[in-house]
């Protein structure tokens, strides 16, 4: 039975790769239709296979003696030493199977949606090839059996993200955004890599199984060495978290994500909302036992960085006017939510509520955020603009989009019975039991989330009606169907019994909604919505008044607290002008100048020596006479 | 007769053929066929090597044969290979092959050009197949001299200056090297130039401490060791395409290979004494080369600085003196050889069309020449270490290997060297963003054509090599590991 | 009666004036003239030594005689060369005639 | 010590020699330099007369003045514009020349003047017999110079041929 499911998993990985190779090599030899069909068809098979896997795993044989098992199958790919080798393999456990479902579902939706959204675009085939590459890499990432395999696919998703953000490569802003995304995440990956190196040095393994076994030797007696006052393993896990923070756009490495919205909107839905950006969360979840048992201090750091990020992003989201950027900041905020949940989690049974809720939120968020992005895509498709100012009153023209968008907004605002309510509630419960400050912060963020989401919603679908050049219309079946499907998912996923399926130790526990926390959280959500309704449902000047009242804060927020400028300063001024340019100058003038100087003085010396043999008789005579005189004088005196 | 002789005889015969042929076209076709034969021979060598290895699993080198050259000093032309040399020979053959293809566009003094080109490849092949210090040195010099003429006559820009600089600096390096070799020869005291025989005896530690730095520096100059790397940007920038390819792709590897085969293998204690110093230098090379590449505007300069960085990593890993890191170093040589050759081939192709190498004067080439651009992106991704391409494998092997060193200093240095992957990403993406993506910069460029057959063959061959190492790293890695034991056992 | 030293003073002065001229003159012919001065100084010395120290012999005088002959020969050849150079170069300034130098 | 006529003549000649030598090497008009040289050569001949080497003096006048100097003058006419001046000598070179010549002269004079010349005799009056000279020149015994004479004849011949060859137009 095990081998059967492994083979299915291999197929899940192989199909997108095959798609990528076929579509990539054929490129424009395929018509748009063929390419789209091949891509979508391949992905639907992948999705079906993932569902089979998930069903089999969760309900058939995954549970042995009440504990969900880890199934691993791998082959050695590159051998470093006897203990260290990169394996390529497949690891099936609750979170990876859950991720398979999320990725393949969202990816399939995006594939279908793109048939309509990207219709007639130049490079349509390339687009599908890249989508397949991304899907392959992301799937490979989640089923990684060891941390190095994860790193490999981690890089691959980074590159696919780069390629897809820069899809409109003739647009300078897209190129810039792609570069930024890649370099920022690359910088974070450096931390990841160093973390891996440190971890592997002290534990002598890359394998997740060995690293995360709560009864294993690594957690049992961790390396006691310290570096600069912290245990080396803390350094390792912190640096690994840095990699995760980069991918998941945690403060202060978040700056690439808003810019990444330059990519096609379906890509934003797939990569920058539902899947790739949660890789950081997934990474921490994957190594959770290590974090929890060996380096709890780092876990606290994770929680606080998460909390800071979620608050920051929620505040910034309130002032953005580009609808995709609002969603981007909302994504950052929600992912940070998941990080907080991991940070406050314990291990085993009900203590592991944070872990469970984090995964739960990841699951529900993937669907409703993809839905939001695809809805935003439909809006953009209809009005050809990203700016909220160009929209308004669209509910009449885009009914399907309107309804599904509303569902998603209610979900993210935490209104029952939509999925977001359930997962967010669990997170708040976990935070409440762990740390009151974090709880307060997250509670505030919940209210802000409701506010900015409904600001967005009203700004797009209500408000004053702009004059449109042509009547906006829905994008056809290919675009509506995914919206509806994801809308349905948003309605139902909240009822998935996650506490039965995904827990820290594989054992189910009983969880119930803690109304003492749920009711205030619903209230704060409703309050946020109410404020947004007052301010934005009808055109009014309250927003301007508020903005003027908090002018300095508003401007800072609107400029995303100047993070981009700081980075730009650091990269342009410090790295480029203060390091690279001097180095280049130093190389050309000092190092090379030194070499040239040697050549110069050799040349000088030799031409001076040659000067003695100048061929000037008079000089010879002079030297001859002078020497004769000197010698004679020496002889005489 | 030893199969290895073929690698000197085939180019020699080809030189004869080139001399006899009249028309340029015939010479070029002849070169393509000849280099194809060389490539085939290098691939045939692989099974032959395995066979010989199976017969004699203990020996450090197989397929040995000696010819006495100079009785009085016991100088022999000793041939012998191990897995590492085989891989290097294949690398050289691939690059000579692709180099011949990209030279198709050559129009001036074709016959002379190919004669020197072949002489250069004789030097390269000869270096990899011999195990005799004297012959190695001789082939090393044979490989250096043609560079002067190839750059000085067929180059672009400040070619005389660059050719002079390159030759003089490398010659300076080989002066150190000669001292080192003589030192090894005399302090070993067995009247033999054969590396294998010298490896059997223990060179006194004082002598090692004296001659290791000389030998290492001698080879290090060729391996672009900071601060002796400055010939590289100028030399590469001026050299004609195929020469840049061969030079960066293979000749710079002679440095790393020599450090490994001569300096470390014969003088392990000396190596240990000096690792700290040279590690710092190579560490500087790695970071410094990468930073240097960030601000350059000329494509060839960018690639030359990136070569400094990558070749620095080779020497860096060799100095870590452990099996994994050395394995990574050899992989990095292969990987960098293929990658940089691809880069130079593409730069040549782009330059041949746009007549500029300044990244500020180009833009949007992706739309105009998609094939070349995609190849460029692949080369760039390989260079910044994308998994699935060769750069990742070699860099990771180096980093993991280096980090296994028990000394904290070495590990900290490794972390510093790791930082180069970010900087590499910066300069690669900068170039990709500037020249390939974005709007078309120069309206005249819109009429340009994409790659033609010979460029396609060259690029595809190199990409296959890059992908092969990237996807199946365990194949070369096993061959290397197997051959490393001889060196490791001496440490 | 003239002391022998007087002659030496004269010949020495003449010799070194000649040397000075040979070193400083910018013209080949002028250099040649300085050379004649040097030769003359030497001749005087030969004659003086002969006359004052070995009056019964004639070697000094003969050496002067031969020296004069050789000087004549040398001058003839030198001037021939100079004229030839002039024909090619149109100048006889020592600093400017360089074609044969490198 | 009374001053004899010989001494007066000697001083006059020496004055001519020194002054004209200096002019001969410093005069910037080359023809004038040649003229100064003429006076030097003539004065030298005068010194030979004082030494009673009449034959030598005659040779000096006929070969030097009559031959060499005429050669100079002609070649000057051939190579220089009349009245043209040689370029001024650089100061550094002048100084170099002066240093060498003055120090050389000082050294030589020091040596010559501190030396004792024990055998220095009074100059015997009367000229040397021409027969004696002729025999010495043509004889092959001791203190006879046929061989150098012939050698110089050959040399002169060679020089004539060489001069013709060199100066000849192609």
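Chains: A, B, C and D, in written order; residue numbering restarts at 1 for each.
The rule is short, and it goes like this: a residue touches a chain if its C-beta (ideal position, glycine included) is under 8 Å from a C-beta of that chain, and two chains touch if they have at least 3 such contacts.
On a predicted model such as this, the values are computed, not experimentally measured, just so you know.
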Number of steps on the shortest touching-chain route linking subunit B and subunit D:
2
In terms of mean CA position, the chain most removed from subunit D is A
Measuring from the mean C-alpha position of subunit A to the mean C-alpha position of subunit B, what distance in angstrom results?
37
Report, in whole Å, the distance between the mean C-alpha point of subunit C and the mean C-alpha point of subunit D.
7
Here the gap between subunit B and subunit C, centre to centre from mean Cα coordinates and rounded to Å, is 68
Taking each chain's centre as the mean position of its Cα atoms, how many Å separate subunit A from subunit C?
97
Which residues does subunit A have that touch at least 2 chains other than itself?
618, 622, 625
Can you list the residues of subunit C that touch 2 or more other chains?
19, 23-25
Which part of subunit C faces subunit A closely enough to touch in the complex?
19, 22-25, 31, 94-95, 98, 100-102
Tell me, which parts of subunit A touch subunit C in their complex?
614-618, 621-622, 625
Considering only the defined contacts, which subunit C positions touch subunit D in the complex?
1-2, 4-10, 12-21, 23-27, 29-30, 32-34, 36-37, 40, 43-44, 47-48, 51-55, 57-59, 61-62, 64-66, 68-77, 79-84, 86-87, 92-93
Subunit A partner, complex, touching residues on subunit D are 93, 96-97, 99-100, 103-104, 107, 110-111
For the complex, which residues does subunit D have touching subunit C?
4, 6-7, 10, 14, 17-18, 21-22, 24-26, 30, 33-34, 37, 40-41, 44, 47-48, 50-53, 55-56, 59-60, 63-64, 67-68, 71-72, 75-76, 78-80, 86-87, 89, 93-94, 96-98, 100-102, 104-105, 108-109, 112-113, 117, 119-124, 128, 132-133, 136-137, 143, 145, 148-149, 152, 155-156, 158-160, 162-164, 166-167, 169
